[in-house]
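Chain nomenclature is as follows: A, B, C and D, assigned in order of appearance, with residue numbering initiated at 1 for each chain independently.
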Amino acid sequence: MNTTSLSKIAWNRIPQARFAMWTLIAGEFVIFGGLIVVYLLNRMKYPGWGEMAMHTNVVAGTINTFVLLTSSFFVVKAHEAAVKKNVEKVKFWIWLTILCALIFLGIKAYEYTHEIHLGFTLSSPALLEQGKHVETLYWALYYTMTGLHGLHVVGGALALFFVMRNVAKTKSYFHRIEAAGLYWHMVDIIWIFLFPLIYLIH
Amino acid sequence: MSTHGKPQGLEHELWVPAEDDYHGHPNYLKVYIYLLILFAITVFASLIPNPMIVFIVVFSISIIKASMVILNFMHLKWEPNIIWYMLLLALIALAFLFLGLYPDTVPIERFFVPNG
Amino acid sequence: MTMSTTHENKGFWHRFFFSLDHKDIGLQYLITTMFIAFFAGIFAMVFRIHLAFPDYHIPLFGIIDAKEYNILVTNHGLIMVLWLSMGILLATAGNYLIPTMLGTDDMAFPKLNKLSYWFFLLSVIILIISFFLPQKGFGGGWTLYPPLSVGDFGYNTPYKTFSDRFFSSNTFVLLAIALEFVALLMGGINFMVTLFNKRAKGMGLLQVPLLVWMIVIASILFMFSVGPLVAGTFMLLLDINAGTGFYDASRGGDPLLWEHLFWFFGHPEVYVILLPGLGILAEVITTNARKTLFGYKFILVLVLIATVLSLMVWAHHQFVAGVDPRAATVFGILTIIISLPFAGVILSFLATLWKSNLRLTLPMKWAMSAIVLFTILGGFTGLHLGAALFDMYAHDTSFVVAHFHYTLIPVVIFAGMAGFYHWFNKFSGRELNQFLGNLHFWLTFIFFNGFGIPLFLLGLAGQPRRYAGYDHIPYLSEGYLPLLREIATISAVILVLSQFIFIFNFIWSVYKGKKVTSNNPWQSTTLEWQTSSPPPHGNFEVYPVVYHGPYEYNRPGVDKDFLPQNQKI
Amino acid sequence: MKIFPENVSVYGDDIDFLFWLITIVAGLATLIVLFLVIYPVLTRKKHKAKENIYVKGEGFKQLKWIYLAIFVMAVADFSFLIIESDGWIKTQETLPEKDFHVAIVGKQWLWEIIYPGPDGKLYTSDDVKKFNTMIVPQDAVIHMDLTAYDVLHSVFIPHARFKFDCLPGRKITRWVEFTKSGEYPMVCAEMCGVGHSRMVGKVVVLPQEKFEKELAKIYKK
């Protein structure tokens, strides 16, 4: 048995599910990173966007950030319980997380309706009529980024739900809680960057 | 019967590690409270009138928060190098993208042929 | 230790649609890719004929007009680059060979693997649907530059209603591309995890065959380069369907943004295609040269350097596209630098050939001609184009077309064929007809050059790309240029037709070819040859235990001239 | 037989020279590669199996030839880069004193040429627009404002070795100087739709005084 191989094994002893999830997360970071880079550059290019940023609902955004941070905490608690193979606790914390997800989506929906009411849409023809051509791009990016993130929230919540159901049924596959949790943390991290960029910088 | 996924009884042979291998756990509550404090700082920092300062403060705090989540909640502290390398490569790619796009986006002023 | 190798009872549907076995999925990828590439080849034939003989009435197509010409060129490019190249070199080779070479039973996530194939198939179907929409296919150039790709690409008139916009070829082509990206991302994750978690007992990371490393590195590179383009595709879809202005200058957007996002993926894409090709070459060359690979670690290091570098050279596709000239200089320098690692890799292959008693088998012919064509006419013309000043003249001329055909065809067709002829008897259990194989090789070799070299000359004469006919332009219809176009066209037609020999040989040999007598006809050392051909379900009756590196040929102190990885001395 | 179209611009020769330089150096490298591929094929019978050297190619000693080759190639590449860089700076990064200023605007599928008009300033009310035919003086530095109305186009004047993209929404100024009077084609080199291949204009280079007359004629109308 040659030694090189044995010495190599130590550093890649990592559960498949977690490994795959990390790879996926790295890929997702690049996708959202691309959007954020585009946003940052255009933000530097067009100072007029600050005025648009004032129309966003900072309070709602703040609450949402708090909600997501808390949900992250719940997920790690669920993971802690999963390591102890405590199904009831796992279910409890995951349900709390999903509740957070629903609250987040609700608030986001409220924001959207409010902004659409003000005439800020993907293509915002209202702004075009005022001759504010460049500003339409802000809202296009706003809806693109938050919308894409919202889809990830939905996906993450669904993943958590199904994993939890599976764990509760089979009393096994506890490691999947952590994998799904990783994805949820990624959603949180993306929001950590989106929130200040979109809401706070005027 | 097909033998997909992990072949039965071959874990140690095929170097498929045990699925729920234990890695260290930080004090999650403490991390969470730190995150909330940083979050509060972010919100108050945004009241500074100068947007440039706001941007610098807020963005750097975001980076700190993100790294805290990654390191503790996602247990990157305990993960093998390969995952660090992957995330690093992602950051490098984004840095290149930013640097490459900057000169073609920010300094350019828009131009349209008048009465065209 | 043995394991149950009970075969699933495989009806056609079960085998070619629902099977979870990585070998079946690999073959599914192979067949799907060949199916779609077949049409791309026909397209190429048609528009080449149109260029040289504009008033020749082409069977089934008639005399094509400018719009049809654009559609044919665009889809030829799209299919060849995005579906054929990656479908063969990443998906097919990866799915079939990675688990067998690693001496394991299957991918880490067979269901994910299956899902990735379904996404791939869906993307192909959506691409085909795009030909039956009102626009009869997308014709805005395979780089999909907006604003042309936002409206009706023929005339840049915006679509009226939402259904017009959504059920337009633009939308469907973009959806197809996005789905294909998703499919390959899934595959990439699978490859990565399989390499790191499911190697045979005793196989260290530096005892993995180079092909596996190359495919995994390529998948990772693909993942990191494609991200921004996925975002960009999302934005372009919104531009088409929701009236946003990401690429619309009058709305504060910027057409150049798409060029950047596209080439940020598009250049690493070249290496995503190139690396698996190099991996196949490594396997074929070492096996037929009967020598251990020269500089295994060296090649790996060079490739990793090139991988990181390849993320910062993309703008050399845009030297004259409006990027800052100073930035262009930087990108030019990096472009020159990235040519060095690959020179090192090619030289290591040549060093492997040096003083070897090589066997000039059919795969070896493909492999060596791949090296020659790629290095000489693909690589060195890359130096011309890397020099920004000359690129100002040659950019978007036939010179560029010839250049990237000389980089992609040696890698995809020649290296791909080397791999195909090398592993055919492994995955079919039968032998190819050698005579037809040689005929296919020589026809391809000769007429590929007969098609490529005239294009270089035409490009130097200043012939721009993507023109539906040149006869109305005086300076392009004088002297020997029409003759060159005719030579290129005739060669291209024969080149495409000679691939039918291959298809016939493939199908005929699969059913009628004579059964293989040995599991290891090339006397190769890697693990996929140490099991029966085709491998059973689960790949191995007895799981191998690995003792050596992958290329132990003519090792001193061994009586045979090759030492399989799973064989103790 | 001539490879390039006749060169009529001041920086055309640099570009042709660069091409031939790289081609010759690459040609030498080609011979080496061909030798390294063909020689083993010819001598393959000579080497009995056991004569093969079992080298893994590790460490500087075994890799020295490859390092040397890479070093030589690097030197060659960077010398190309240095040689081309001053030409690149001359053509792209610097704008010499202008004698005549004209705007070329791409439009599906023709070139709109905007002459500055009597006041010699572009984008003023007295500009004169012409289509597809651009008249310019000989031996004079001509500044060209490149832009587009609808989609991407690319001005390509093969005889002047000049090419640059026209993008909607931005103005890019490049220069060219013709050394020889005559008519030269100006084609579009960026995919711009159905009429792409029909988007062929021409540059008419005239001696100074004849150019003045022609320009006056244009302005009178």
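The rule is simple: a residue touches a chain if its C-beta (ideal position, glycine included) is under 8 Å from a C-beta of that chain, and two chains touch if they have at least 3 such contacts.
Computed from a predicted structure; not experimentally measured.
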Worksheet, complete the sentence: Maximum number of contact pairs occurs between chains C-D
Worksheet item: So what's the Cα centroid distance for subunit B and subunit D, whole Å?
Response: 42
Worksheet item: Using the average of all C-alpha atoms in each chain as its centre, how far is it in Å between subunit A and subunit C?
Response: 34
Practice prompt. Starting from the mean Cα coordinates of subunit C and subunit D, work out the distance between those two points in Å.
Written response: 29
Discussion item. Suppose each chain is reduced to the average of its Cα coordinates; what separation in Å results between subunit A and subunit D?
Written reply: 47
Worksheet entry | Residue numbers of subunit C (touch at least two other chains) | 109, 196-197, 224, 227-228, 249-250, 252, 254, 256-257, 322, 326
Practice prompt. Could you list which residues of subunit D touch at least two other chains?
Written response: 169-170
Worksheet item: Residues of subunit A touching 2+ other chains?
Response: 9, 12, 14, 16, 19, 23, 26-27, 29-30, 33-34, 37-38, 42
Item to complete: So, with touch as defined above, which chain pairs make the list?
Response: A-B, A-C, B-C, B-D, C-D
Discussion item. For the complex, give me every residue of subunit B touching subunit C.
Written reply: 1-5, 7-10, 13-17, 82, 86, 89-90, 92-93, 96-97, 100-101, 103-105, 108, 110, 112
Practice prompt. State the interface residues of subunit A toward subunit C in the complex, per the touch definition above.
Written response: 1-2, 4-9, 12, 14, 16, 19-20, 23-24, 26-35, 37-38, 42, 46, 122-123, 128, 133-137, 140-141, 144, 148
Worksheet item: Hey, which residues of subunit A end up touching subunit B in the complex?
Response: 9, 11-17, 19, 22-23, 26-27, 29-30, 33-34, 37-38, 40-42, 44-45, 50, 58, 62, 65-66, 69-70, 72-73, 75-77, 80, 82-83, 174-175, 182, 185, 188-189, 192-193, 195-197, 199-202
Worksheet item: For the complex, which residues does subunit B have touching subunit D?
Response: 108, 110-116
Response to the item:
Within the complex, subunit C is touched by subunit D residues 1-5, 14-15, 18-19, 22-23, 26, 29-30, 33-34, 36-37, 40-41, 43-58, 62-63, 65-66, 69-70, 73-74, 77-78, 80-81, 84-85, 87-89, 91-93, 108, 150-152, 154, 156, 158-159, 161-165, 167-170, 172, 185, 187-198, 200
